[in-house]
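Each chain carries a letter (A, B, C and D) given by its place in the written order, and its residues are counted from 1.
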Amino acid sequence: MATTRFHDDVPDVNGLYADLAAADLQPLWVQPDLLSRRPNRLAPHIWRWKTLRDLAERSGDLVGIERGGDRRVLSLAHPDLGGLPFATHTLWGAVQFLGGGELAPAHRHTPAALRFVLEGSGVWTLVNGDPIHMAPGDLVLTPSWTWHEHHNPGPEPMIWFDGLDLPLVRNLDAIFFEPGGDDLSGYEPVHSSRSEMRYGSAGLLPVADEQVVVQDPASGRHSRLLAYRWPAADAALTRLIESTGRREASVRYADPASGRDIMPTLRAELHRVLAGHRTQTVRATGSGIWVVYRGSGATVIDGRRFRWTAGDMFVTPSWAAVDHEAGDDADLFLVSDRPALEALGLARTEEAQQQDVRADDA
Amino acid sequence: MATTRFHDDVPDVNGLYADLAAADLQPLWVQPDLLSRRPNRLAPHIWRWKTLRDLAERSGDLVGIERGGDRRVLSLAHPDLGGLPFATHTLWGAVQFLGGGELAPAHRHTPAALRFVLEGSGVWTLVNGDPIHMAPGDLVLTPSWTWHEHHNPGPEPMIWFDGLDLPLVRNLDAIFFEPGGDDLSGYEPVHSSRSEMRYGSAGLLPVADEQVVVQDPASGRHSRLLAYRWPAADAALTRLIESTGRREASVRYADPASGRDIMPTLRAELHRVLAGHRTQTVRATGSGIWVVYRGSGATVIDGRRFRWTAGDMFVTPSWAAVDHEAGDDADLFLVSDRPALEALGLARTEEAQQQDVRADDA
Amino acid sequence: MATTRFHDDVPDVNGLYADLAAADLQPLWVQPDLLSRRPNRLAPHIWRWKTLRDLAERSGDLVGIERGGDRRVLSLAHPDLGGLPFATHTLWGAVQFLGGGELAPAHRHTPAALRFVLEGSGVWTLVNGDPIHMAPGDLVLTPSWTWHEHHNPGPEPMIWFDGLDLPLVRNLDAIFFEPGGDDLSGYEPVHSSRSEMRYGSAGLLPVADEQVVVQDPASGRHSRLLAYRWPAADAALTRLIESTGRREASVRYADPASGRDIMPTLRAELHRVLAGHRTQTVRATGSGIWVVYRGSGATVIDGRRFRWTAGDMFVTPSWAAVDHEAGDDADLFLVSDRPALEALGLARTEEAQQQDVRADDA
Amino acid sequence: MATTRFHDDVPDVNGLYADLAAADLQPLWVQPDLLSRRPNRLAPHIWRWKTLRDLAERSGDLVGIERGGDRRVLSLAHPDLGGLPFATHTLWGAVQFLGGGELAPAHRHTPAALRFVLEGSGVWTLVNGDPIHMAPGDLVLTPSWTWHEHHNPGPEPMIWFDGLDLPLVRNLDAIFFEPGGDDLSGYEPVHSSRSEMRYGSAGLLPVADEQVVVQDPASGRHSRLLAYRWPAADAALTRLIESTGRREASVRYADPASGRDIMPTLRAELHRVLAGHRTQTVRATGSGIWVVYRGSGATVIDGRRFRWTAGDMFVTPSWAAVDHEAGDDADLFLVSDRPALEALGLARTEEAQQQDVRADDA
């Protein structure tokens, strides 16, 4: 807003300002620029896998999960956010480390969470009692207000990426939290989770369960499928590239029963860029956290180049110009707040010219 | 409507009736009961595979496809429909026979069609140029206004079930038809159709194609996936039965990108009933054609029992009480007009008590 | 479908045909052209007010409502529909005559009905107990499965147009009907119906009633407003013409709480054309019944000109080219099946060149 | 989250913490409680009309609009929000004062705004060139990204309440702003705005404009009606109370063409409570700003009683227990973020027992 800051020596004006402050009022004309020309609240930022992995492991060694709270989580704290443990204004990103034999007990909360597995295998995540096995590259959902807990029965630790809409839900003052009881949940290792047994076939929906959905409309707001396996995602990208003949492909993880995003607040995608290819530069409202799953390359964000290899995580701010260039064939997992922007009428997208690289943040 | 038929000897009334008829008007009070207490326009009916197959084969021998029109199709003509070649008021059902080396050339029409393969293998159906291989138990879609043609390059004939919404579209006077040109379409045998390459993964949707969809909203009215393979459907039912512990399971074929029915007018389902199990009796508005794919058993429809084995086809009328009992493990394919009823606010469903069998149509 | 009719002297073929007929099967290649190039099932047709009014009045004199059934209704019977009392394949149109002091008792049915008042005033239509006063130019709804009855407490007769989706619902075999009991409903003459008290303000929706709607989703399929008054419709058209500066304007009657059509199956519109103006020629799928409320002019339908004055009713078939030319300022009420076409993916519209008039049906 | 804060004297742990901080990471187990049991970020707060009016007038005297920026706005600055000029985490509330002969020039921004007029009459607000006259009790919308400006051609000042979703849009980092040019807009005083000419009739929607909407889907996200007049709102409440026989009634301002909220992010309602009546206590997620338009009474919020008279403004936090008791017949205008909560799957509502009053903030 074209707020010409207004200073005056007239004593009456100073008295007005004092009276306004005393009345919990602020004059618009002396406020900092609240109405910026375009989104500008964050810079891009990158966290390196070597550091993340090392610190996660040290945390595992030094801080027992029973003393360190329910979860051993290192959250990405964007330096532009004044000390809040948030990766962007709306998104929480973190690495979670669960040692061999450890258990992260049950709780539930309105912020929705997803897990994208980076290292290790064999943890069971129970979602409302449905045991979901986790292996590298798998995406596992723990939607809003579902009970969830993580069991690592094996000897090896596991590390995964946590993505949550916690900052967004907190901004809306809609956080509810409930801890589970002291009793441990029992579960049977199973070939496949119930959600996969029911919703794991493309275009084949169970008839009976749909009737349940009608009786409980709220259950339709997040994906009915709670696990998306790496081999399926890998194959889907391979087929897309074969089908289109292009050097890149992307899939959006979606509810098989509606095609909608996995959560009303979160979009998850997997992007593959083949070696040597550079993608079209695009600006879009909404922020994202990218997790490099495989390969190496660089992403140019508003003219700054960020080089990356597997395990690195970086943030793209709202309305930043973004393109990727792969060194080796690369797969990047993305979680973004885009569905919230779309639902609230704030989604904009624009293709941009290929960016000049002004700075190299390698 | 409680239309008391009214007869009068007063000459004025007879004169009135004559004048009404001359003016293309009808008095409601002498009309046949248009407003029945409940749906009542059709009886159930069954067609036997032995007959269907035999007559299809004889047609193949006697009537060359080049002389007999574009398609060698025997349509189910319900005896209650006054000679129209329709299985129900809204649904077309037929067996189509395509001999070895034969070609059913391209055309398109607003009625939507599906094919459920019963016998033989190796035909390629091209849908808007996308070649789709056909094998037993596969469901293949040729949606409204898509170009489609069938090629049988092998030596053996194929027989499949055709289901269309043609009677419904005709009732709405919305039929458009366009024949293809004389040139033959070339195609490359492929491992998988383009639609399967893009939409064949549960919950993994291509990002780029969705942008296309936004630009052409009409393309979102039918399923983006055009082929549903038997092994996937079979496995989905197996998993459902394992997951629920029940003796029956059903899947609805759906658009992977929206969860909606395959067509705005047609629902397709696959029902599995295990040997010895009898299903809950249900009434629902809307009519259906059932095709027995595997096994044997019987269906009770408004108190009449129809015994069936593989390949038999039968019709369930609107609001009929229906339940199935399997002799051997049985799989029944169903096509119905239910989405039309739902879209128009006319869907009703009601569970009923198990029916007494009043008549046995075996 | 390019069905070359196939005749053959080979005795085997004749035997095949006989066997097919015996098996309730029909060969596609000898069927009449089911797949027409474009919709073609109806011609346009017109009924004259002078005739309609005269015959309605004679019916009132000669046929007591207590002997002639629940309703004294003369239905438009399109000559192309083989004796059925239907105006088009999907629409019922009629004039209803209710004499002074007469009562049309309560019943309900799944076909939805609307009433557009042509002559007289003072009838109360009760819809689920809500008393709605009727006056010329008012549109009153009796949606699917609502109880409704008509009371004429005054001395003068009333005549209104009835529009129903009965042929469509019958084609879908979804008719349910229930007569009311013998007891007469009492009602209090009121300033305004309950539906108008709650939904009669543009853009101001009652908060509490919406919660009711959530609990009963079915109630949201038809308009919550049951009466649209002539003065409001007249004023809306006047404002539109003033606002746009054009010589024509049209409003669609809509549910104030959703903007959707008054019924899932029926659209109602009011079209005003100022003297001397001729409208753009348009083709659209779906059929309509036009009721001339005011003024005079002509409509050209597929090259045939139909001249009309107030009270005349005419039918426009699916995909017919249609334009109107007003002599005096004219208001035409339209009921059509267009929402059904849209819901089922069969809606097409196309602007056409102004038609030459080939025939004059004046 | 049950985060047991963890302190340790082990030097390694302190080194770990230092290394985490250096790497822009935070351990979850030492974070303040981000996951509260229930929403808790704000206390209720009230601003008094006497103060608001007095300070607005003094601002008008002391700070010329040409020197003080585009708008003379005093924003409600909730003391719990650390100096930000926001009424709640998601909502901006303010009083705007426009002196006689003053002009607030054109600009546009993605935050959506509404104006509820408190005092004075005669300002014209131009929204994308459509001139809208303003009078007490009117609600006028300036939706996201519409050009808007305010002209006060008369001699008297006007004061209105401004409600915006600015904090929410800022939290989503989706603010775009564009100042208008230097040229003044001309406009003709008109009887009614274009939006009212087209959308001002309950249930009567212009046919032609709807085609425009189809071509520009984005335009359907906010209300097509831009002004809701006090006499209509007043009459709607009177009719509701007459119709229901209750001592309270509420209307939601809605898009006449869809029934949806006026903005995707904002709900506006008008609540009437008759003298002596106390409403049901309700908790709901989402925050609101209440503006007392008429009458006097008190609102109990989480056990604290806030007495109010006309012009007072108060905030109800997310999940606070709220009920109102009217002294005189009272009308309260409410703007809330509820549509955002609903769109994102975070809406909860619960009826509560009548609250004990623990504190009296009179």
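Simple rule for what comes next: a residue touches a chain if its C-beta (ideal position, glycine included) is under 8 Å from a C-beta of that chain, and two chains touch if they have at least 3 such contacts.
Because the structure is predicted, anything quoted here is derived from the model rather than measured.
Colleague: Count the smallest number of chain-to-chain hops linking chain B with chain D, moving only between touching chains.
Modeller: The fewest touching-chain steps linking chain B to chain D number 2.
Colleague: When the C-alpha atoms of chain A and chain D are each averaged to a single point, how far apart are the two points in Å?
Modeller: 30
Colleague: Which integer distance in Å separates the CA centroid of chain A from that of chain B?
Modeller: 43
Colleague: If you go through all the chains, which pairs of them touch?
Modeller: A-B, A-D, B-C, C-D
Colleague: Sort out for me which residues of chain A touch chain B in the complex.
Modeller: Its residues touching chain B are 192, 194, 197-208, 210, 223, 225, 228, 232-233, 235-236, 239-240, 242-244, 249-259, 269-270.
Colleague: Could you list, by residue number, the parts of chain A that touch chain D in their complex?
Modeller: Residues of chain A touching chain D: 1-4, 6, 8, 10, 12-13, 16, 19-20, 23-29, 31, 34-42, 45, 47, 51-52, 55, 58-59, 62-63, 67-79, 85, 88-90, 94, 107, 109-111, 144, 166, 168-179, 218, 221-222, 263-265, 285-287, 317-319, 337, 340-341, 343-346, 348.
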